[in-house]
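Dropping the structure in here first, questions after.
Read from first to last, the chains carry the letters A, B, C and D; within each, the first residue is number 1.
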């Protein structure tokens, strides 16, 4: 794929202006009340699965991405009898962390290209002193919809895709067929590669990169189906190193900048894959609310799937 | 109320051992699959309401609680062409914050009394170097259930309760009657005082204290109904200064230590009250997932109600 | 003073290129071995005076400067028997703080004007992802020289200058005369206004602004004397609000950008003033080493004067 | 050495009560005005050498000591035209760091043994909510004295001591002889092993441990000479793993708890060794001021030696 081809795709998937020039949330506009109602209607057993990895110094980050530090949790009070000896005692804590250190959403403003962020706004609307003035993560009011697991690893008959596997539309469709459902407008699509198994097994370096991930061919597929958001079980979301030399973070640019579609990374899809197989059902209600950090370009998230 | 009376209540609401000696999550055991299924069935319109206040330096904390700092958000990259000139650019950020600075859940270990935390464990299971070894917030796997708004302010015909109003069981029942529903096992009960209006109007000092809040008479009421968790729109949860001199954080101690019931504070219930009135419905699906900070005694939360 | 006049001053005090095009430390080049030798020779009694204010949440910042947070100190271990029960126990701590929150040095890169920082380098050599690539504070190898206290308040016969007092060269010269010494090349000049008394008395709001401070007329005076660095006992260094409407941080710009001269703020000069009076001596050895934060535009400093 | 022998040493070096029951600074009492005067008199050339390692994410910590994080520096403003377009622009930054992450002083309260800290105070004077109520690092008013380099590596004719080399008094005396000076009361003694070369060469893991360092035989030697403070070029100060199995941090306990003597770690003594050799002089004025973090059990320090 040459740069012109990238630009062609960018043009085809572009959503700038689609929801008005003031829009700051992109494809989340596709999650209508009706979509949410239908999502809630998928709940049949009440079984729940949590998708976040624990937040601690033993988290996912290894120093590869400068400054994106694992959560440092420290206590500011431990059994402190604040009101005097013999009174009830309080414990309290603080944390310092990279907002994208663990299981997280990229905000639309996580990426700019050629000086622009989503909806044609200048990239310099992001500044160090106030963060993202537009499309900061706090602008996402809620994020709950139908979730669909596309278990690409399972569709390939493996536990974990090899590191050089670029997930292409045919993979997504094979996973759809395995799931027996069709991705539709407003869905949050979770693409499982199995890469998270490395992290869970304690292999942080192996987990990071090289890694399987989405191909630059996928954004058009999501665009055609009017997907609301996509998350994966990898650090980089897209295949890394990139499938085409020098085509850095092309999927990021297409999703975040052109489509205005949130991306999730480091989601633990292993227990979800088990649950889906056991329930024989790959759709569920998915709640994955961003924490409303003002001006932030990402946020930790603790998603929960309900069957 | 004398200390002996407090101890009598403590005895009556105590849940230690109720779910086994290994239990770390308390009343959340009451949120069964069946409860969640029924909660999802309350969704009729798909309307959503978010309940978290924005996370920023202009947050709720005023320095009253030492070390509980408002979120400090800073950028570690702004439109950084990480892979060389002309490549896509990334923005990334970090945060330092008190885990209980904004809209949050207290973990069960936020409070100890007489050397014990929930389920009869010694308080010194909480240490500065690893936080809460048991009943840290990461032990709460998921938190989604039926939510019920008890709009006590509205039941009293006011926008906001006066600062010296201790919410008693009769208030809760008046709000139930207004709502036309009954609180039942596994519910997450949201008690509205209207105090959040002060914060939303920019009056941070007024918001903090004195403040209306729950009376020490309420825990038995929640216990009798097998409530799973309770949240309010105030800083201190319970009336503050306390209704009985020297009875510091008595409700905290009863809920967290004796009952093992999570508490939420600083929830923005104003838009929820409007939605409930408009929908003529005070029950909804409520998702309020804790972020899994390992060993933490609290967590920010971004709750969402779905009608 | 009109803008052209400012530009005239800027031209007269400009040191760009004076120590070569590669220079990153500006007037600190004036602190030669000989200067330091002479500074050490001023020591006669061995009396020492420390000039930093304590670092804590009760520090100088009040929220006026967004993000410049007071130090948040928290423990990551308290008497932790790391090697097993009965072994020696360790206590350890972390801090989050604005580098310019307390007693500090501005790095030369703290200010840019018209797109440039000191020595004619483009301002965009400062980036969020690596800070100041040139003239970061870590480039200052050492900062120890002769210190001179110019006690302007005392020279005016007051404890504390009024808030609208712009310290002009005549004030500096009156203080020199009071001190009985002449400022010379390589000196670190400490200008006392007495404003720190407000902070020490617990009046943080009063301390901040309005505040007396240096006039835009001073930089030429320091330039003529080849001063190495200047510090004061105020938050803003220069008079604030500025003496000429709209002339924001003019002294900062002249010192940091044009001259390449470090500035210190929030220095506690009260005990020093007492010592100088008692010793009848306004010169001393001054050690005020920056902490070598890589890429930083400021640093906490714990200065010590030795008589 | 058996535990009784350790207790015998502890008894012999114990300084509790030596400077009164209220004392919080221990052997720093030995740095009298006279000592400082003499220290200043050692300055002959004005040559300066800085001893701190740079503070950044690429710092010394590797995760070995939980929570002791390398400095995370981030910008809260970059060339921000705070007062409107065209005005001077400011850059500002914040940091989160372990206070003992880089070149640092241990406060006396960094270690407790058998429930006590220096001067017989109970260890529980250190609490998570306020840190060290006594002997916090802010109690050290100033730290400037004569410095003496004991270049043990050089005295052994090597660049760097092997990892299993426990520095014993005979080593210190050989280095004294090499230096041609005698350690005396009030000195700050810097013991060079050469271990820092590993860190400087980029080998962070090798630098940490195993490491050469002080033997448990040294404290008596320092005690006899009335040394004021000791610093080294290693992570652990004392040999690690310890020379006697199970004798964890014995030197720490003797210095900090029994003697009340500050310890410095991670000091870069390489350039100092070169300077001493070139100057043929192993004494110098040493300024090593702690940052006054209230209640802290350690502090970053940027020491400077002046010849």
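What to note about this one:
Just so it is clear, a residue touches a chain if its C-beta (ideal position, glycine included) is under 8 Å from a C-beta of that chain, and two chains touch if they have at least 3 such contacts.
These numbers were taken from a predicted model, which means no experiment stands behind them.
Under the touch definition stated at the top, chain A and chain B share these contacting partners: C, D.
At the interface between chain A and chain C, over half of the residue numbers appear on both sides, which makes the contact a same-residue one. The interface with the greater count of contacting C-beta pairs, when B-D is set against A-D, is A-D. Taking each chain's centre as the average of its CA atoms, chain C and chain D sit 26 Å apart.
Centre-to-centre spacing of chain A and chain D amounts to 45 Å, using the average Cα coordinate of each chain.
For chain C, residues touching at least two other chains, in rising order: 66-67, 69, 72, 74-78, 82, 92, 94, 96, 127-129. The touch graph of the protein chains shown is complete.
Taken together, the chain B residues at the contact with chain C in this complex read 57, 63, 66-67, 69, 72, 74-78, 80, 82, 92, 96, 127-129. Within the complex, the chain C residues that touch chain D are 32-41, 43-50, 52-56, 58, 65-69, 71, 73-79, 82-83, 87-100, 109-113, 123-124, 126-128, 131-132, 138, 141-144, 248-250, 252-253, 257, 285, 287, 289-298, 300, 302-304, 306.
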